[in-house]
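Quick heads-up: structures coming right below.
Next come two complexes built around subunit A: one with subunit B, the other with subunit C.
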Partner chain A sequence: MIPKHAIEKYGTLFAGLVLFAFLMVFAENFASTANLLNVLKQVSFLMVLSIGFTFALIASELDLSFANVCSLSAVVIGSLMQAAYPWPLAVSAGLAMGLFAGLLNGYLVTYLKVPSLISTLGTASVANGLAFMITGGVAFVGRWDPDFLFLGRGKIGPVPVIILFTLAIVALSFFLSTQTKTGIHLQATGENEEAARRSGINTRKSKILGLALSGLAAGLTAVFLVANLSSAAPQMAGDFLLNGIAATLLGMTMFTPAKPNILGTIVGALIIVVLSNGLVLLGAQYYIQDIMLGIIIVASVAVSASVLKRAAFAL
Partner chain B sequence: MNRFKTLMGAAAVLGAALISGQAAAFDLGIVAFQMSAETHARCSNTAEARAKEFGWDTQVLNSNGSLQTHAEQIENLIQKKVDGMVLCMSKPVQFDAQFQDAKDAGIPVITISSGSSPHTLFDVQPNEFVVGAEAAVYLLGTIDFEGGILAQRFESNAGARIRGIMLDVVLAENPTVTVVGSHSMARTKSWQDDVRNGMSALILQKAGQYKGIWASFDGQAFIIDDLLIESGMKKGDVSLVSIDGGQEVFRRIKSPDSMMTATVAVPLEDMATAAVDSMKAIAVDGKKKEEMVAGPYLFKPAILVDANNVDQYLN
Partner chain C sequence: MPVKISTRNIYKNYGAVEALRGVSIDIHEGEVHAICGDNGAGKSTLIKVLAGVEMPDRGEVVIDGAPCRFTTPTESLKAGLATIHQDLAVAARMSIYENIFMGAELTKNVLGIRMLDKKKMRQDAAGYMSQLNKSITDMNIKVEELSGGQRQAVAICRALRWNANIVILDEPTAALGVRETEQVLELVRSLKQSGKTVILISHSMKDVVAVADRVSILRNGQNQIDLLAADLSADRLSHYILSGEVEQVQA
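On to the complex of A and B.
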């Protein structure tokens, strides 16, 4: 008899492992080294973006701007690459753009007391408008500096370099959220802001940090996206909004149930991308992918709804 | 235990059902960039139907208008080791790395209305420059090369942008025609709203100043047509010309209530059929690519359809 708390903590992980085993048996080529590396490369973008969203949610703030901020950062990078600026400058500008948007969200939420649901929707709209203003709607496309493209397309041996970057980001994020005082303060702020404040935690700082990390992750993802596709378009990260939220919500169904956590988000992102890859290898038609993603979102929201509601409607 | 057995049994049945389609027949992967656009759907559906006539296994995937998703769909099909790929409205520079991987894996790729790439066999397209020029010259002819027009553009899509460029070229040679109002569609996911909002404002603001309206694709023209009907206009009050073709635009050209005057019908069905036929000739029958198509493009001429010949095309 499996204890109830074990099912609550590891049920989704077990389901993910069953999915993995199922695909290993039934989907030809799924377990090949090339495909597993392909999956890890594909999940990198979603994982980095979702980790950022998770940091905001840990501080009990909902960042709905991350996808549009990512697109805006991408466009900033693309515009500088197109204008033949050195790629380190373009990358720095993209990261700065993401960080600035995150800090702006933090300021709106903590100083102007605008609920994050509203403020980040506003930021998302502004970011979208700016991205179109910079591009005029036309994507930046070019055969840019190979050193820059290496960040998204490069390989060390058979391993895409983006996987190594993502592993480093994952390790750093996990360490920050669980092993540092800053991470503990973030969690305390998210769980009970008033109690955290009374115990001496600077909750305003924690909330700003959570949202700033979300913006920074959007900037990082933009670097990888632009380098991978050698282009930058005003809505190039639009699809990540739903998948990013889904990965985080799925993560909230495991390890520390109903609480956003980095490890859960990582597994959540993996499940989504493995499912997407597996369905293609199984020969499923395109609409099946959307249906399956929808089912996952509904199921994970059903489990983690209480925390999401708290984040969405906190005034 | 019984429940576990039932679950495993169901998984095995599902797996068997899913892999039952993975026979030894030629396996064709078809990817539409954005299935919600009628032209993309017509393209991929026709390619699928043609491939099924040959008894091939086909899998249609949708990239939802996302560059990264499109890259991932191609990567997943490479891992699936499909025998060939047909891509509807792809992009050559952005997916350079994926096309190179497909080529390295020995997978032939034919694109439709995408632009040529050194890593694909060829691109099937109507030659957007010719199509754009034909629509523009026709529109100006219907207003006797004099007066004002409204223009509904779409800069984010290469084909639609070229059509707009050709409108400008034709206008440059006919300075007696002026663009009194122009709206550029920015959003791709909620484009219908975007066009409706932009053009309803122009139609009201510029009332009486224009005799013709140019739209970069038929979907935009349908929205404009509905706005003109709502504003009380009658057939012949204004000339509405667009590009793409299909039964809905033919029905409107025929209808006594619609302002739709003409379209340049892009033979998407012919293009998709030619792509699959060429794939069969090259990948199955062993013909050389050069025997099928000399250069990087296989051009399929578009046909101007107006009241004079619409009956030939209306089902």
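On to the complex of A and C.
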């Protein structure tokens, strides 16, 4: 017999492994080195974005703006590269753009008391508009500084630089969220804001931090995306919105059930990218992916909710 | 016993509502002092003032003879005053030790980085818990898996962790069954035994009579009656609260 809590904690992980094994056997080309590296590269973008979303969600705030903020940061970077500014400046500007958007969300939520669902929806729309304004509706494409492109395309040995960056971000985020005071304050704020506040935790700071990290992650992803494609366009990160939310919610069915957690998000992102990749290789129509995403989002929350409900009934 | 904490002539208005109209109570060191009163009598507001959640319009709180002014909950905690609220005390989905150390987590230095010292927190948490409830030994258990009485024990441990000398319990038995209520009353007695001053807010006359040394009754934002709890029966106490009259003021 497998204990029930083991299924709760590792069930999704196990399902992911089964899916992986299935594709290894049945999907042509899935197991090739080129395809697996491609999967890892694809998952890098999604992981970094979803980690940001997860930080905000740990503090119990929804950030619906991260994808559009990422596109806006990308366009800011692209415009500066196009105007031949040095690449470190362009990168810094992109990161600052993301961070600023996150801080703005934090300000709207904590000082102006606009629920994050609404404030980040507003920020998302503004970011989208600005991105189109900066580009005039077209994309920046250029032969940019190879040092800059190295961030997105370079390899150290056989390993893409982007994967190394992602590993570093994953390690740092995991450490921050589970091993530091800041991380546990973020969690306490999300779990019971009033209790946290009365225990002397600056809950406002925690919420701003969660949303700011989400913005910063969007800026970082923008750097990788632009450097990888050597182009920047409005809406270039649009598809990441649902994928990122799905990765995080799927992650909540793992390790610490019903709680957003970095480790879960990472596995969630892997499962989603592997699934999309596998579907393409199996010859599924493009719209199947959207259907799958929708089902994953709703099913994940249903599973998390059942964990929550049982806990509530146990009282 | 000397007076540990006093409220002196405290006033607090919410718009046109006068929640507190000159409350002056002396609470003696090492005693369990109950504050009773009907709904709307001003109990919650008084607690909020003591806990640093609300600032009084007039009047002051005096601890060990020194006037204090709390503008945040943290200031109240630092003055040695821990308030345990009935619903708000714990984060249910976090572990016992995380709750006990919430806001005051222990850290260790690893290669110049300040990391949470989870092992030390678990050990210390178990130490605090053993003073109150010997049956809970695993500090990793989530608070949602505990009974109501055990949760109160966790909340009280947090007060101990803050080195609070004065512990305010706001309706600690309100949602509890008979056996759990008895557990909480036992917690109150252990707190008293360890030399803490306890302020107990309660609707339950039985509980008050069972553990309190003194009782203050609030009515319409004023403390009308202060008495010793010895020889007091639950019925008589209810009568005082409802009528606001007492044949003979004892304290």
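The definition used in the following text is that the second predicted complex is superposed on the first by the 303 of 315 C-alpha atoms of A that agree within 3 Å, B and C clash if a C-alpha of one lies under 4 Å from a C-alpha of the other, contacts with A are read in each partner's own complex, and residues count from 1 in each chain.
One rule holds for everything that comes next: a contact is a pair of C-beta atoms (placed from the backbone, for glycine too) under 8 Å apart; a residue touches a chain by one contact, two chains touch by 3 or more.
Just so you know, these numbers come straight off a predicted model, no measurement behind them.
Partners subunit B and subunit C fit side by side in the overlay (superposition on subunit A). Within the superposed three-chain model, A:K9 lies out of touch with both subunit B and subunit C [touch as defined at top]. In the superposed model, A:T180 lies in contact with subunit C only, and not with subunit B. In the overlay built on the shared chain, the residue A:V280 is in contact with subunit B alone; subunit C does not reach it.
Looking at the shared chain after the overlay, A:A258 reaches subunit C, while subunit B stays out of its contact range.
When both complexes are overlaid on chain A, the residue A:V141 reaches subunit B alone and has no touch with subunit C. For subunit A, the partner touching the most residues, choosing from subunit B and subunit C, is B.
Measuring from the middle, so to speak, at the Cα centre of subunit A, the directions to subunit B and subunit C differ by 150 degrees in steps of 10.
Looking at the shared chain after the overlay, A:A233 reaches subunit B, while subunit C stays out of its contact range.
In the superposition on chain A, contact is made by A:E194 with subunit C only, not with subunit B. For the pair subunit B and subunit C, the minimum alpha-carbon spacing after aligning on chain A is 31 Å.
Residues common to the contacts of subunit A with subunit B and with subunit C across the two structures: none. In the complex of the two chains, the subunit A residues touching subunit B come out as 18, 22, 25-29, 32, 34-35, 38, 41-42, 45, 132, 136-139, 141-143, 153, 225, 228-231, 233-240, 276-277, 280-287, 289. Against subunit A, the residues of subunit B that register as touching in their complex are 11, 15-16, 18-19, 21-22, 32, 35, 57, 59-62, 64-69, 71-73, 75-81, 91, 93-97, 154-156, 161, 184-189.
Looking at the complex, you find that subunit A touches subunit C at residues 179-181, 184-185, 187-188, 191-192, 194-201, 258-259, 311, 314-315. Listed in rising order, the residues of subunit C touching subunit A in the complex are 51, 53, 73-74, 77, 83, 85, 88-94, 98, 102-105, 107, 114-116, 144-145, 148, 158.
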